[in-house]
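Structures are listed in the sections that come next.
Each of the next two complexes has chain A plus one other chain: chain B in the first, chain C in the second.
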Partner chain A sequence: MAKSDQGRLRSVSYLLIRSVLPILMALVVAGILLVIIGKDPIGFYIGVFQNGIMGDNWQHSLVMMTPLLLIAIGLIVAFRGQLWNLGYDGQFLLAGVVVAGLAPQLIEATSPGVAYLLLTIAAVVVGAAWTYIPAHLKARFGTNEIITTLVMSIIGVGLTNILIHYFFQDPSVRTPRTSSIPMDVMLPYIPGTHVHVGFIIAIIAAIVFQFILKRTSFGLRLDVFGASPKSARHVGIKSGRMIILLFAISGGLIGLAASMDIFGQWGYMRTNWNPAYGDEIVPFVFLARLSPLGAIPFIAFYSVFATGGMIASQEAGFSSQFLKVIVALILIFMAITEYIGTKRDLGQSYLPDELKETIKRPFANFASRGGKP
Partner chain B sequence: MPGTTDNSEEPALIALHGITKAFPGVIANNDISLELFAGQVHCLLGENGAGKSTLISILAGLQMPDSGTIEVLGKPVVIGSPRIAMRLGIGVVHQHSTLVPTLSVIENLMLGESGLRLREKQAKDRLEELSELLGTKINPHSAARDLGLGQQQQVEIAKAMWTGTQLLILDEPTSMLTPSAIDNLAESLERVKARGIGIVFITHKLREAYRMGDCVTVLRGGRNVAFLSRDNLRDLSEEDVKSSILRAMFGEDLSAVGNADQAAELAGASEARRETRARVVDGAVRLQFAGVSSGGRSMDTPVKDVSFELRSGEILGIAGIDGHGQVPLAELAAGQRSVSSGTITLEAEDITRMGVRARQAAGVRYVTDDRLHEGTVPNLSVALNLMLKRIGQAPFWRFGQINNKAIDNHAQGLIDKYSIRTPSSHTRVGTLSGGNIQKVLLARELEGGARVVVVNKPTAGLDLKTVRLVHEMLQDFVDTGGSVLLISTEMDELVELSHRIAILSRGRLVGMVENDGADVAERVGVFMTGGSSDGEE
Partner chain C sequence: MSDLLTPVFIAAFIGACIAGAIPLMLAAIGETVGEQSGVLNLGIEGMMLMGAYFGYVVALDTGSLWWGMLGGAVAGAGMSLVLMILSVWLGLNQIVLGIAITLAGVGTTTVLYNQTYSQTAPRVDPSPWVIPGLSKIPVIGQSVFSQSGIFWGAIILAVAVSWLLSRTNWGLCIKAAGQKPSSLDAAGGSVMKTRSQAVLVGGVFAGLGGAYLSLVETSAFTPHMTNGLGYIAIIVTMLSRGRILWVAVVSFAYGLTVAVGTALQLTSLDIPTDVITMLPYIVVMLVLLIFARNVYISPALGAPYTRGAR
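Take a look at the complex of A and B:
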């Protein structure tokens, strides 16, 4: 028993190393880059920490975390079934514009509570509905969903702008944008903070989906389906229905993220606004090994980094686009760590053979020359 | 001393020294030393799980040994990747086909090329050269899937020898071949050997090892337990060779297996005995196909207008050349494929439109031939795989929540009953040997109210002890009133087990033979060759 515990401990710490190492290495290399462009990396990282966590800043990070975490769960559900839903931007914006466009009138006509509920349901439905065409094509014809979701996403982004222009335009301003939800009827704060209750909903969603994926029969069916569609058919899982359901859940969660973000943080939408939350968190979803609870620390890390980094980079005098460089570095180091990890699992050597040979060759030449008198 | 050299002076083509490779829970290779010489066929003999495959993956650069060294022509090397293995002149023909079925022969052969442009002219010349060497004729433009199995294998050998191979490794090359194709293979290997190329021939059949090998190494439990040099093979009588190999293969197990004759049979030393006692079954009709044709879009041969009755207590064999509708037939019975016309009835109940899960519950079970990617989910535990078709059912799920204890208890019971060899019920099923994976499938399908079991190639690729175990399980199942639809390409197996044998050709049942003792195999063979025009015979 103790032995198996030890084994489990080792595999957990191994997993932890594999997940955290890419981030640490990315931070180190990003620091080196900063030195090269003549900035102070230590100061920058301290700035990130101060602006992301210290004082009341942690509250901004939690607000930022809300949509990111919900989208992450949405991606996890689809990715576990080996369905690559990359249409998150279109799903998010369309759901968002429905909320932003209808909320001011609906709140006035009924009450904030009714509006939250109805429009959140509407956002979930819109997000889910926007996945239906890719899902149906995949289920019926096996069409590659990476392409169809991306195309639908582009259409969704365009449609959002059209909706703002022609239907939801705030008549009182010139700029193309929706009317604002009045500050006092936005989502209430968690008592004692300035973090809206959407954050609690996101955490609850993570717990609920962790349970669904790990403890229910649906979760196991999903894993079987993701592992092999052939096995799924063999055990009587209807793959067409599974594809449509997984896409709908994924899109629905992204729609929920949009509703929470508009009700809780922004209160309105303008044209050409696209936070592209999904792009930033895809690497973290994989670092968390597609586990909803596991995603929480990674998303928290990124949120702190994004909120703190935005201000810190301005203070230090360079573009906040540098954050994207760090995300890219994390992706690169993640790929390397996975490559080495897989090699290790197979008991192979860590370095590619070609590289080793190239390194060895000069020494071998030297040795053979040195051997001759 | 096992593994030490012949008298020869020349350095070994490849020498392995003290190769050890361990996986969690099992030492696959334990201090194995071997020397392989040019122009010799070195047979590696051993049961499944003896460590043959691991040794091959080490030589092929797919895995690295934990310890031990490899020398090529006396120089130590590290084979860290398949590319390095190729550069060292090691070519491997794997047990399962690696050809892309839709590509032509020449395209398959050029797949490994790295240049910017494909040099088809050169490739054709090389193929011609190799065809001559192998003594075969292969049309470079026919698609790989249109070739018979024997020819496909010749292409695989050509592929392995494509870049000037010094050592050719063949992993169980005869397991899928007909006797005449095996003869062709033996001839080809003679020619390759005459060119001074070393050959490693892996098998679990003693007969083949004795016939083709210049020297024989026997592996058991990851250890090198016996080595018979060329001189040994020449000097000893056939009987002595066989008995010493058998002792090495089964060791102390020899007594557990039974007497020496049974061991010899297990090791395929003697021709398989065909047990052909007349069998009459008068049980009630359990499963009935009436004019059933398969529907849906699929790439394989559809089944057309198939009718038969399967009685309780009966094993109905389905013979036929591979790819003539076996999989669609099995899937029709299991409910995995839709019926376009005809009806399927289970004990007078029409189940034509019933889905997989409902049929499973009604006692219709299916043991697929694709054990690893269809029958199991390799990354899930043995315990979960054992209840894969009962996801969501009580007692494994209570109030929608998984009950790991019930699943473990259920698994432990089946592991004991079917003697599945696994470190624990939590082990990932993909890490088990082929025989144990098959036991997992059989345990799952035969238990819990099974009435009809469809088995597709139930013993393909298994070692002979497990083959016998599987046959016994099926026999026991029908003895207690079950019904088995046995789809197989092994004539011996069909004749040994079936009460009647139906012959499937191009998706149709073209004949039915009672297994009543007199030249059954020949009569089945007549239907098989009469009903089809392709294949290599």
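Take a look at the complex of A and C:
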């Protein structure tokens, strides 16, 4: 009994190390990079902490976390099926512009509650619909979905601007933007905070999808499909239908994220606005081992980091795009940690045979000539 | 409309075509070599941006476009080292690394640009080679034969890679590594070495493409100036099935849509700029929809090779 507890403790600590180590290493290397360009890394990280958590700032972080967590769940569903939905920007913005454009009038015509319900459904449908072409091409012809989702995303971003210009323009202003949802009918705050209830919806979605993925037959079939589409066919899972369904769920969740973000945080949309929420959360989804509940702490961490980092980087005098570099470092260190961890679990050598041979060959040649070059 | 079809306009149109096509062609050539060897380089966007930025910096420092192009090539190759070591040597996930390289390229170049040239935004001197005699030909003379010397360099490189891929042993090794790596291994070749070379070549060409974009096409660097061109390069690669001639043809077709978009803005028709910027992407998507059946991908693409594994 004690032994198995110990084993479990060890496996949990392994898991923690593997998940947290890449982030720590990335922060250290990013700090070194900051020193190289002549900035103060310690000051920057303190600034991130102060602007992300201290005072009331944690509430800003939670507001930011709402769309991020929903997008993360959307990515998890697709990634579990080995489908790379990288078109999140287009799906998010299109769903966002539809709800932002229709909301003010619909709220006036009906009640906020009814309008939000209808528009949320609309956002989910729009997000899901924008994945259809890539999903269809993948299902029918096996066309690489990474490329098609990215191109559809770029088209979606352009279409968003066109929709604002020609359909949803606020007639009372000159700048290209939609009308605002009146402040007093935006999504209510969670009592005692300035965090809108969309946050609770995001948490509920995480719990629901955790259940679906881990406890239902659909989740099991999804995992079988993700592990090997070929074997999935043998147990009667139709791969074409699965691809389209997974893409639709993924896009739908991203659409939901857009509606919550518009209703709760922004209230309107303007042209050329692209928060690009998706790009930066890809590594955290993997660090959470594609588990919706597991994603919560990682997304919370990134929300704090992004909220604080945006302000801290401006205060320190460099572009907030530096956050992208940190995320890239996390991805790279994550891949390396994962590699070392797998090799360790399997008891294999850390270097592939061919690489070892290539390295050894010059030495072997040198030795066979009796040490004479 | 007829008043648009003046020789000056047509010359500018052909010029815009070439300007849109060459960066894409260079990047797609690099991607083709990589994909033929079985490595999917998704970080091409980041490599292009690094090439664009460092090419710009080197060109400003040395005052020479040629050194700038070399700087861009080195920067692209430097980024591809990450992919080479982690993916080809150790077998880590190419997609994850590709996303990482793209993010790193976007972030690094933006941060560095803001630290260095964002206030002054100096421009690079273009140095067109006005070829004597030929440049006197109406229309074509002003557009094709008054291009920068780098344009001719790019054409020569394209021909060279085409020859290397289709006529040499090296090209055969590259294709074997992408088709059936185990057979290359059995024949005494090294999959790792072949793929490493292919990835480096891919990085060099992505860097060259980026540098062409900043040095020749726009004469300056702006953050995230590639704006998805790297992904288009991947699509061009998929459509041209490993043949460099087709890479060139498809790239020029893309250049044509860019030029048509620019020309449409000059007409009295009221077409929003968003439609114009979307145009090439919509064309690409339509082409993919129509020719989806013909898209070709190396069988071993994206799969790391482990000797003896089945």
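Note that in this section the second predicted complex is superposed on the first by the 341 of 373 C-alpha atoms of A that agree within 3 Å, B and C clash if a C-alpha of one lies under 4 Å from a C-alpha of the other, contacts with A are read in each partner's own complex, and residues count from 1 in each chain.
By definition in this document, a contact is a pair of C-beta atoms (placed from the backbone, for glycine too) under 8 Å apart; a residue touches a chain by one contact, two chains touch by 3 or more.
For clarity, every value in this text was computed on a predicted model and none was experimentally measured.
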Partner chain(s) touched by A:K230 [first = chain B, second = chain C, both, neither]: first
Of chain C and chain B, partner touching more chain A residues: C
Which superposed partner A:R215 touches (first chain B, second chain C, both, neither): first
Contacts of A:L9 with chain B and chain C, given as first, second, both or neither: neither
Partner chain in contact with A:I17 - chain B first, chain C second, else both or neither: neither
Partner chain(s) touched by A:A364 [first = chain B, second = chain C, both, neither]: neither
Chain B versus chain C as contact partner of A:I133, first or second or both or neither: second
Partner chain(s) touched by A:V173 [first = chain B, second = chain C, both, neither]: neither
Touching both chain B and chain C, residues of chain A: 352-354
Chain A partner contacts - residues on chain B that touch it in the complex: 21, 62-64, 66, 78, 80-81, 83-84, 335-336, 355-357, 360, 366, 368, 370, 373-380, 384, 388-389, 391-392, 397, 400-402
Parts of chain C lying in touch with chain A, wherever the complex brings them together: 42, 82, 86, 89-93, 95-97, 99-104, 106-108, 110-112, 114-115, 190-193, 223, 228, 231-232, 234-235, 238, 272, 274-275, 277-278, 281-282, 284-285, 288-289, 292-293, 295, 297, 306-308
Residue numbers on chain A that touch chain C, as the complex places them: 37, 84, 86, 133, 137, 140-141, 143-144, 146-148, 150-152, 154-155, 158-159, 161-162, 165-166, 279-280, 282-283, 286, 318-319, 321-329, 331-332, 334-336, 338-339, 351-355, 358
Footprint of chain B on chain A - complex, ascending: 214-217, 220-221, 223-224, 227-228, 230-231, 233-236, 346-349, 352-354, 356
